[in-house]
């Protein structure tokens, strides 16, 4: 039977209160669930039959999605904040969406990235993007790129990223990259402020192995906005599609086009 | 048995002479073939078992590919000119490439576009891109875009294009669009010099139906660089993947990355 | 004494009616004026002491500004339409603005371009931009650029423009060029969809002589949205600052920043 | 009488040796000079009559230019490395260039920036650009911009910079900004990877006061590649033209156009 777990950051009071409220509501319908605080020391244990309910903004969703992904669990993306490209459930529709999710198996599979650093054991997960960027303000980093062992362009830049379709409207968009439909099986290679080099993105198949090699200067490996590792000249980062996708509950539409229009209008406050 | 047809424009003397030379060479090996001048009034008749050999530059290839596509024939892309992204066979390797093509069936399927204009019977073919653009110098055209009947962005621009992966390094690249690996099953929607609108491309699945609706001002429909139709306010253009791909002989590599590097270096003469 | 002339296109009924209304209003205050229909066969005769009142949108203003410039007259830019970057007088404030303009001499001098084509006698005027662009849909044009006889970049592009600060928020902006404060003494060289070349604009001093040489293919010379001349391979266009500026009445602010924000929000309908 | 001081970083052996060599050469001609190691603890003392000779790459020049600027001294920009946009004297022409500089007063005045941070006493100098950027990898910073107290655009971005014409081919170029002729009296406001906002640069007069206000998140103030200060939400940075320009010896041409072409070709290694 499906276990219901609400994920929120403890400093988002509104999210935590909403979780309690929804739990009471569900209790009256004979359903149980738990709350998982994402900043808790203790790692929660999810199973493949867990329905993870993310309560917050994009940051909450990205963290909850990482946990859900590790367990093979589905995730319901509730939007408690400003417009989020990743979040398709308005807070007013949590309960019905949960009911729908418990009876339906309609998910939108999102490509995630599995990143390995030469010499480092564990694999890094990213749902939006992985960036190799300069470690020091005011400097640039030189990065060579390879797709399936074929050398592509070299960049002297603030950084170079590999973005997923999900992440295409995020940092990739800021850096000039294309919007990619969430369901497409592709990855996008996008440089950030490259010097004297063409700044176009390169769209490759999800089966590709992309390598980013740091040529000089210390660099950082950043995944979904979190710094994962320090890199030195010569270090290489390998980016592949994660074996399993992130399984986002899709009983509601994602409305990419209307979100895009709204974001563009609101971008110029 | 495979029929061999060499395609060239009659004003490319070098191409026509080369065709004759190769034909003589092949005759000694017991193979026959014909020459088809692409600017001839008479339409050539190809069959699915024809091997079309395009002799010239990108323009020759695009025209020959249209004919090959209509017949389901394979096409061998010989490069007789400057660096062409579409052309993988150097002129020095024509004969061996033909021999290889006759014994191998290794083709690279290239997504082509099937374009229909409201009220016009026949379908337009495009291998690189389809553009709805302003009919008059100095003016702009307003175009609404739809993907699978969902409204996307509206543009006041010089034009709006749908490009294939094959065309991604052409006009799409000039307009700021991403480079897309030739084999990917996607289409790219890219505005050309849009006014006060974000200029990012949108990458959609090859199964999508894209509509470009002219909101005001006369416009032109241009496919692979040829003006196909005049459009008026209210006219709609529907772009879909063509049912069949263009079948390019792939016994040689296309080297997208090295062509890209070379083109970028040579772009700044 | 200052002569008052209202300029409008005859198909803008609202503008023509407004002109009559304002004339009646002014008559009661003992002031006289005339109406000039910009699409009349007869060229109006303005003097340096004329106050030209442009009634319409950007197109009306550009045409009226050309006439005012030729005569050294001042121009009052009334906005009868959608947001226009060039138009600083709301229609509700015409009469007071005219009164202010008659007693004040506060003008904002706008750099205009004087364009000559090799072999053509007369000089072309442009307040927004001059473009050398491809004559044929689906083709590109190769253009070499020179600044003060020093060779700059060569472009294979849809076109290459020289924009004024006034025109910087127009076509130049669409093509990726920078916004330039209206009063600056600079010109901006901006390529339109250049292929495999960097697409940055180049900002040069107003004293510079810019040459655009057509390398191949027929091209068009377009000034402020009007096609002025057909160009052939080898033809050169010389762009300089016009000896006299356009003298726009500046009793009201131009609010570049707020217009920019508004345009950006409204650009994504 | 003009004092001659050679500036180099001590770890650039070639530069230090060259300085000694040139000094011996000059000694035979009866001229004296000194060597100043830029990484020495002791600050050198220059006067307005010093001729500073920068021996190294762009980094050496930027540091030496700051010292020369503080003293009102002229600077000779010798290029000991890869192509530098700022460096107009090839190493083979040092001695003749010094002789020319001692007898000529032909300088190219370069606009420099004077930057003040609210609450911080001393003024920061920048010859290339000043950047307000995110303090933390993976985050963005929100920055409001003002020109002469008029609110301009707000950005959610990696950073926002104000660049000089000298710096326009540096970080400004990478971020998409225009190339500006070195002698122009303008400053360029350029956002770095702004999210859902137009990314065009804004070119303003050298007399303008530009303010960059940090709206949220910790940020850094970076001048010419060096981190100068940590900024917090609410902190404001004021950027103005420095009262005095940097006085670069201009007995040789700067060849902006040919350097641009060369850099573009070499950018795609």
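For reference, chains read A, B, C and D in written order, and residue numbers begin at 1 within each chain.
Note that in this section a residue touches a chain if its C-beta (ideal position, glycine included) is under 8 Å from a C-beta of that chain, and two chains touch if they have at least 3 such contacts.
This structure is a prediction, so every number in the text was calculated from the model and none was measured.
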### Query
If we look at chain B and chain D, which chains touch each of them?
A, C
### Task
Looking only at C-beta pairs in contact, point me to the busier pair out of A-C and A-D.
A-D
### Task
Compare the two sides of the chain B and chain C interface and say whether they are made mostly of the same residue numbers, over half shared, or of different ones.
same
## Note on the structure
Between chain A and chain B, the Cα-mean centres are separated in Å by 35
### Query
In whole angstrom, how far does the Cα centroid of chain A sit from the Cα centroid of chain D?
38
### Query
Rounded to the nearest whole Å, what is the centre-to-centre distance of chain A and chain C, using the mean of the C-alpha atoms as each centre?
47
### Task
Please list all residues of chain A that touch 2 or more other chains.
153, 173, 176, 196-198, 261, 264, 266-269
### Summary
Given the complex, residues on chain B that touch chain C span 131, 133, 137-140, 153-154, 156-158, 170-171, 173-176, 192-199, 220, 222, 224-227, 263-264, 266-269
### Summary
chain C residues touching chain A in their complex are 196, 198, 261, 264-269
### Residues on chain A engaged by chain B in the complex (per definition of touch)
147, 150-153, 168, 173, 176-181, 183-184, 186, 188, 197-198, 200-205, 208, 257-258, 260-261, 264
